[in-house]
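Letters A, B and C name the chains as they come in the text, with residue numbers starting at 1 for each one.
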Amino acid sequence: MRALRLILTGWRFHVKSLTLSAFFLLTSAIQPILFATMAYFMFRAGSTEQSLLYVALGSGLMGIWSSTLFGSGGAISWQRWQGTLEVSIAAPAPFVLVLIPITLATATIGLYSLTATLLWGKLFFGVPFDLEHPLLFLLSIPATIVGLGMLGLVLAASFVLYRNANAMSNLLEFPVWLVTGLLVPLSLFPGWVEPISWVLAPTWGVRAIRDAALGGGDPVGAILMSLGLAVVYLGIGTVLIGYFERLARERATLSLT
Amino acid sequence: MAVIEASELRRTYRTTTGTIRRRRVEVEAVRGISFEVAEGELFGLLGPNGAGKTTTIKMLITLLVPTSGSARVLGHDVVREAGEVRRRVGYVFGGERGVYERLSALDNLRYFAELYGVPGREQKTRIAELLDLVGLTGREKERVEGYSRGMRQRLHIARGLLHDPPVLFLDEPTIGLDPVGARELRAMIATLAESGKTILLTTHYMFEADSLCDRIAVIAKGKIVAEGTPQQLKGGVAEGWVVEIEVYGIEDVVLDRLRAVPGVRAVAVEERDQAQLVVVQTDSGQELTHALLSRMDGAAVGRVSSREPTLEDAYVALVGES
Amino acid sequence: MTHVRVFFIGGYIAYRALFNWMHPSYYIPTMLGAPLFQILFFAYIGRYTGLKDDAFFVVGNAVQLSAMAGVYGMAMTIGGERWTQTLSPLLATPANRLALFLGRSLPLIANGMVTSVFAFGVGWWLLDFELAAESIPPLAAIVLVSAVACTAFGLLVGAIGLRARDVFFLANLAVFSLLLMCGVNIPLDAFPGWMEAISRALPLTHGIEAAREVAAGAGFADVDHLFWTELGIGVFYGAFAYALFRFFEADGRKRATLETM
């Protein structure tokens, strides 16, 4: 109960903090809009028939992934830089409960990307916004955010151990867009790609959101997969964070000085 | 029972230097420190930058694991019972960092109240009390990025007190504050000490330690070189005498010659505008002045004076000897 | 705010700029890994949509990637200087501005060439892309001139960065705009006329067009007009950037804005 309350308070706090950063907001809206525009043109000029809403939702999820990747991947370095890492670790709350709200918030901020690409698509490309299953669509969004947020927890912990979080973030933006089927169906890839996609939250997030919006598929199953993966990520993330904390206390890497 | 007990604390850092041929370097930041702080005491760790003060504090508040030795806070081991220790101590460090800039003081305090496990129904009154205590009432809804250094520092104090900890660790809290802000903060620390909190304060300001602390440990190069009340520390050099010689350029050989004069305890050099001031602490009295001057041939000597020692001299002597 | 900005911008400097880029833990993921997946990403969208064949995307992205480093590098050089507060001391020197900043562009262009070679290699290795040996010298010349033109464009971004609040954001916007507009992944005829007109005025567009023809077997003589147009566009942006730079420098001295954050 306490933990839940802490996560909720922390999440609100960090969403507010990120929202007040003009820089973060501009980046999380403009980059996805540019990529969405590219995707609209490519799909429109191509010969394959595909609904533009498919493209808009896929581009929006690309934005959610970018925001999680850069936000969560750099979360610990950012806290260290701000001087809040030490204060947070010195608090009695388990550090993983401090970090979860942060990574969830970075995924949540990705909703600005989704909203931006949908609005942009509607205004300039006439993308219709008709939902097959409005209720499932509403459920699929928080499920996707939770899945990506928990994946962010794993990223936060593993990137800080690699020590060059920015390089890892740079590396992982395109491949995850690619192998989670955000714009291109997985059937185009060699067979070994599919198992990789199963363990990545965006795969299920985009399926849940898209199937709920466009119909077909199994949105409920995808929502459950997203939430199930979130639990697995939480387990892995907790172990990694514990390891990081121990290591940091031994090696004195909590502060900048 | 002592509230804080440190026993033979040691901490080494491993760093690597060089980009092409990387070498491992071990730096001993703290080299066997032991002390005890009693309940309700305001204990000062006084030392120059890099003496090991911050490292010591970080070991006591569980942010660093000691390389060897042990420490207990309120009877809880800082390594094995980190959670217990964290629940009972408050930590405040000097400087502008450590708060979320884009949000208000109120947001920051609510957030950290949750991290420190302050029960929901107590949060509101507790935060209001603290804002009042640190004098931020009325400004609490403004974003921290618009705060002055002094206001940020007071916000830090409020954050450190959220869970009403019996033990407070203040790491150079007045650093970078203007004189008025620093004085206000010292008054606040004195108030907290009067309210019965056990406080460990680090500082490199002599007068700060002198005016606030019940007891002081002088720390230099990772070791405690003296410990006692401010009066006792002053007493250590009270019988001596200080000779100050103004010179225009002086070489180390000459300083060594001065140190060799019988009756000389310590020699230190302070940079002045265009000259240096050689401060010599002696055992007996003025008769050494002549002996000192006679060993300074080659140096251009200006004004020479002598006086009684101060706490600052005691400190300089202690740190200089180590 | 300053702190947050330093963090994000500090992060951003490292994000795509060339700071610490010589360290393998940074260089390999950022300068080789990310480009690899960028090419695959667009080529696969191409395959799925049936828009164009692999060669279209390999050439487009390989040329764009070599040019991107120039835009980022140049903009970040000036923005970074301002950030580390070294811009004023630098401007206080009597050094020739043009030489000063062009000198800095050389390693960026060299780095861009390396990325480009790698990108073509990826296309040959993982995608359906072939290149005849005799096409390599003209292709190298085209990649080089595109990189030079984009570096000049980067200088313009940097010059605007002398006055704008956020050169890092600007540089990002510039790079993504080039990616969108210059025919890297979208054939220009898919654009409405006004967009195509803008594309024709940007660097990179003609370079990519020339590179595609050469890769498809054309000789240098067949594309020399594109080559010279690309160079001309580069010279135009360079000159414009230089004039703007001098203007802002003089004006900045008057209004003391060079060190503002």
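Operating definition for what follows: a residue touches a chain if its C-beta (ideal position, glycine included) is under 8 Å from a C-beta of that chain, and two chains touch if they have at least 3 such contacts.
Quick caveat, the model's predicted, so the values are computed rather than measured.
When chain centres are defined as mean Cα coordinates, C lies farthest from subunit B. The chain pair with the larger count of C-beta pairs in contact, out of A-B and A-C, is A-C. In this view the innermost chain, defined by its CA centroid being closest to the centroid of all protein CA atoms, is A. Computed from the mean C-alpha positions, the centre of subunit B lies at a distance of 51 Å from the centre of subunit C.
Separating the CA-averaged centres of subunit A and subunit B is a span of 44 Å.
The mean-CA centres of subunit A and subunit C are about 28 angstrom from one another, to the nearest whole unit.
Multi-chain contact residues, meaning those touching two or more other chains, occur in subunit C at positions 3-4. Among the residues of subunit A, those in touch with two or more other chains are 21, 82. The residues of subunit B that reach two or more other chains are 97, 101-102, listed in rising order.
On subunit C, the positions that touch subunit A within their shared complex are 3-11, 14-16, 23, 25-26, 28-30, 33-34, 37-38, 40-41, 44-51, 166, 169, 172-173, 176-177, 179-180, 185-187, 190-191. By the touch criterion stated above, subunit B contacts subunit A in their complex at residues 11, 13-14, 54-55, 58, 61-65, 83, 86-87, 89, 91, 93, 95, 97-103, 107, 110-112, 114-117, 120, 143, 159, 163. By the touch criterion stated above, subunit A contacts subunit C in their complex at residues 21, 23-24, 26-27, 30-31, 34-35, 37-39, 41-48, 50, 70, 74, 77-78, 81-82, 162-164, 166-171, 173-175, 177-178, 183-185, 188-189. Listed in rising order, the residues of subunit A touching subunit B in the complex are 2, 5-6, 9-10, 13, 16-17, 20-21, 82-84, 86-93, 98, 249-252, 254, 257.
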